[in-house]
Every structure is written in C-alpha cells, then in structure tokens.
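Once you scroll down, you'll see the structures, which are given as structure tokens.
What follows is a pair of complexes built around subunit A, which joins subunit B in one and subunit C in the other.
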Partner chain A sequence: MDIALINPFLAAAKHVLKTMAGVDVRPGKPFLKKDDLAKGDVSAIIGITGVASGSMALVFTEKCILGIVSSLLGESYPKINDDVRDAVGELTNMICGDGRRRLAADGFSLQAGVPTIVSGKDHSIRHFADGPRLAVPFETDHGAFMVEVAFGKPH
Partner chain B sequence: MAYKDMVVLVVDDFSTMRRIVKSVLRDLQFKEIVEAENGAEALAMLKSVKVDLIVSDWNMPVMTGLEFLKKVRADEQFKSIPFIMVTAEAQKDNIIEAVKAKVSNYVVKPFTPASLAEKIAKVISQS
Partner chain C sequence: MDIALINPFLAAAKHVLKTMAGVDVRPGKPFLKKDDLAKGDVSAIIGITGVASGSMALVFTEKCILGIVSSLLGESYPKINDDVRDAVGELTNMICGDGRRRLAADGFSLQAGVPTIVSGKDHSIRHFADGPRLAVPFETDHGAFMVEVAFGKPH
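So, the complex of A and B:
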C-alpha cells in the first residue's frame, strides 16, 4: 500500500483533535492489521472513492473518547451515549475531509461517504476494500485510539 | 441590528457540530438560534421563521448545503440572507463551486472558535 495515501490521514487526526478539542496526540508504530477486531469501545468507518478506493476508520477506547468529547463540547460524559457516538462520527468526517484536502494538494482527488458508527466491547470493523490495512496507534493524555486505513479493490 | 436581536439558522446533520457552532454564536451574544439537520429541513424552517444569518454544513443527506445555498439564492425573499458554509469539503473545486453559488463566506472544518467568530462578524458587517 502506498504510504503517501496514509500519512495525510495521520496528520489530519493530529490537526483535527488539536484544533477542535485541544487534545495533543502522539503516534505510535504503524502495523499491518490482519483481523476485523476493533481494539476499542467505539469506532466509525467512512468509505473513500476517487483515484483510490477504500476506507478510513477511527477506533477509540472509552476513556479516550470520553476525554476528547468532554473537551470538544465542554461537558463531561461518564459513559458512551448517543452524543458521544455522534461526536465520533463528526470527528471522522473532519479527519477524513482534512486528509483528503491534504491529498488533493498532492493531486489525489478523493470523495467520502457518510460514517457508520459502531460501539460495544469487541465489535468488529469491516473495511470496504480487500487491500492491506494499515493501523496506527495513537496515545493522548486521555488514553489510546487507533487510525486504520485500507485501500485496494472493493469487496 | 444587534446580534442579540438576530435569528441564526444552524444547519448540520451532526448534533455535535450544531452544538459547537451554537456555543460560538452564544459567546458572540446571539440569543435566537434555530436548527435543521439538512437543507430540506432548513428550507422549511426559512418559510416559518424570519432568519437573519445562515451557518450551514455542506455534506448532509436529503439535501446538501450547496443545493440549499442555491435554493436560498434563487428565492426573492431569502436571497440576501448572509450564508456561511462550514465544511470539511474544502478542496479548491468545492470552494469555487460555493463561491459561484454566492456563498457569503467559507469556514473549513476543523476550525477554532475565534476563526468562526471572525467570519460571522465579517459577513454581518458586510450585509
């Protein structure tokens, strides 16, 4: 998989969380993900089409997303509810949009769909393409989240 | 007209973003804020409430912000309402399309409260 298609989404995650929620993120070591298991409690996946086709997913641990949403909306949330799921969807929209804008500047034109949000322990994420899935873990002061990107032939 | 006497219509399919925009508006002393989840709902809202400023998302189901903008600008009664697009769709072509459709200003998501506040003040002072 072309790393040039991945890096803009990682930069976007950092930029969106800092700008909208004032949260600093620290990327860990990227790895190839082999299974569909989400390593977190709530996730969103969004389809991408254009010069490449695939999907981007964000997977948050509960502690991490509750911290992020509390600073995003200025209100504290003790558990994952509809407001938190809605915020995960809109963060995904913004990160995907910011990543696509960075890619457009490099001449890659991409469009995105509407995010699907899933929550619950041990839920799974099904990417839209058969290609390899690159996962990048991130750390924040609130806890961990993961960005997954997969491009390839559609299922 | 003072901000506190103006009616603002906030349009976004995600309640999170409507809340963020509303909080910026309240900090600016706007008091009357109405909401819609897509362009079609927003158009219906315009027909029942007299709106002085529109802050709308682009990417929404049912009717997008761009289609909504075109309908507003084509309507004799609504065409001069200041219209700010707040959107993650910010590739060059998108901005050109929105400008052609006579958007008043454009805010790219993600944004800081200060940058949205500044664009709101600017379009109102120009209207």
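So, the complex of A and C:
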C-alpha cells in the first residue's frame, strides 16, 4: 500500500479535529492490521475510488466520541444519539475532504462516497481489500480512536 | 433519489444469492428510512461514486447470514468467524459488481470502493447522505436481511 495515499488522511484527521472541535490528537505508531481486534462503539466508514479503490474507517470508543462531539458542538452529550451520529458523519466528510485536497495537491485524484455511521457496543470492522490494511491509533484527552485505511486495485 | 439507480442493486442481490448460494430471496416493500431501526449482527458496507455519490449496506441477522454462507460454501458454519466475514465481502463485491454492470447497460457509470464488514450484535447503520435513504427488506428461508441504498450529490 502506498503510504503516500495514507498520510494525507492522518494529517487531515489531526487538522480537522483540532480546528473544528479543539481536540488535540496524538497519532501513535501505525501498524498493519492482520485481524479485527480493534473494537469500537461508533464507527464511520467511507468508500474511496479513483487512482485506488478502498475504504477508510474511523473507529471510536463511546467515551472518546462523546468528548469530541461535546467539544465540537459546545454542549454536553452524555450518550450516543442521532445528533452525535450526524456529527460523526460531518467530521468524517471533513476529514475525507481535507485528505483528498491534500492528495490532489500531490497529483492524486480520489473520489469519496458518503459516510455510513455504525453504532453498537464493541463492534469490529474488517476491510475486504486485496491490499494491506493500515491502522493508526490516536490518543486524545477524551480517550483513544483508530483510523483504518485499506486500498486495493481500482475496479 | 432516482429509483433507476436502486433497482439494479436489488436485482443483483436476488440474482447473486440465487446463482452463487442457491438461496431464494423474496424482496419486500421498499420504504424510505427515517431512522436507524434496522439492526443487524453482520453488515457489509460499500461506498459508491460516479454519477452519484452514495453507499450501499447489506444488513444481516446472524441466523440469516450463517444460512446463506453455509449454503454458499457447502459447509456448516454455526457461528460468525473470519470465513463468514470474508464470504460476506465476496458476496457484496459480486452484488455490487452485478448491479454496476446492469446500470452501465442503462448508461450510468458508477465506481465502487471495497466492502467493509461490520460484526457486532445488534448494531445499527446510519447513512450520512444528503438524499433519501431507501431500505428494502428481503426474506429468505434462513431469515431476513435488509438492503439499504443512499445517494447524495456527487462530490
């Protein structure tokens, strides 16, 4: 997998969460994902096509996403509801859009589908890509989340 | 939402499950999805771009997908494991590919990302599209599943 396709999305996640929600995110060490161990309570999934075909997932624990969305909207959200899910969709669109703009500046053209938001305690995500799947853990003051990107051959 | 974009995917789901897995599927009445009531145990999500930007989700109960995959692979699968998840990814790619071929014959060109498979008891799916979200319930002898398609403006 071309790391040049991944880094712009990680930079975008950091930039969007900082500027939109005032949340500092600290990226951890990326690793190749061999199984589905990462579990989350809310995930956003978005399909990507263009020079490569793939998918990006943002996988949040409940505590982390409630902290981020409360900070984003300036209001306390004690539990996951439709407002929280819509905010996750907006954030994902912004992160994906920002990542695509960074890639376009490097000469790569990608298109994105619309985000799908999954809610459910301890669900797991498996990318069905024919290439490797990269996972990057992020830390925030509200807890951890994971960005996963998988690309395969365009089709 | 242009129903012309949806019908080929429903025909494809019926065709692929019948020819590949020998499973008869009976489509129910499509409805516009206003909330996230449909819950599943295994879902496949795939992003779509091109003349429209959107996402398709196949949402299965555990009983239904185990029946379908056991029939597809000719071996009994009593619980959800990576083989089952990969089979769901393959089926989703086939359904999406078949749907896109049908659309191409009608003059519509769409690209697809790679499927993402979500596992987790009773998770729910929310499409973050700026257009309506259509849900179609299907019945099989193994139980029910749902096909959901949402399209928005291309971006």
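Just so we're on the same page, the second predicted complex is superposed on the first by the 147 of 155 C-alpha atoms of A that agree within 3 Å, B and C clash if a C-alpha of one lies under 4 Å from a C-alpha of the other, contacts with A are read in each partner's own complex, and residues count from 1 in each chain.
What we mean here is this: contacts are C-beta pairs under 8 Å (C-beta built on N, C-alpha and C of every residue); 3 or more make two chains touch, one makes a residue touch a chain.
Everything numeric in this text was worked out from a predicted model, so none of it was measured.
Novice: Go through the superposed model and pick first if A:V114 touches only subunit B, second if only subunit C, both, or neither.
Specialist: In the superposition, A:V114 touches subunit B and subunit C alike.
Novice: Looking at A:S43, would you say it contacts subunit B, subunit C, both, or neither? Reply first, second, both or neither.
Specialist: After superposing on A, A:S43 lies in contact with subunit C but is clear of subunit B.
Novice: Per the contact definition in the header, classify A:A87: touching subunit B only (first), subunit C only (second), both, or neither.
Specialist: A:A87: touches subunit B, not subunit C.
Novice: Kindly classify A:G54 by the partners it touches after superposition: subunit B alone (first), subunit C alone (second), both, or neither?
Specialist: Once the two structures are laid over each other on A, A:G54 reaches subunit C alone.
Novice: More residues of subunit A are touched by which chain, subunit B or subunit C?
Specialist: Result: the larger residue contact count on subunit A belongs to C.
Novice: Determine where on subunit A the residues touched by subunit B overlap those touched by subunit C, and list them.
Specialist: Touching subunit B and subunit C on subunit A: residues 86, 89-90, 93, 97, 112, 114.
Novice: Quick one: which bits of subunit C touch subunit A in the complex? Just the residue numbers, please.
Specialist: Counting only subunit C, the residues touching subunit A are 35-36, 39, 43-50, 53-55, 57, 82, 85-86, 88-90, 92-93, 97, 111-130, 150-152, 154-155.
Novice: Within their complex, state which residues of subunit B touch subunit A.
Specialist: For this pair, the touching residues of subunit B are 14-17, 19-20, 23, 59, 61, 87-92, 108-112.
Novice: Hey, which residues of subunit A end up touching subunit B in the complex?
Specialist: For subunit A paired with subunit B, touching residues are 15-16, 19-20, 72-74, 83, 86-87, 89-91, 93-94, 96-98, 100-101, 104, 109, 112, 114.
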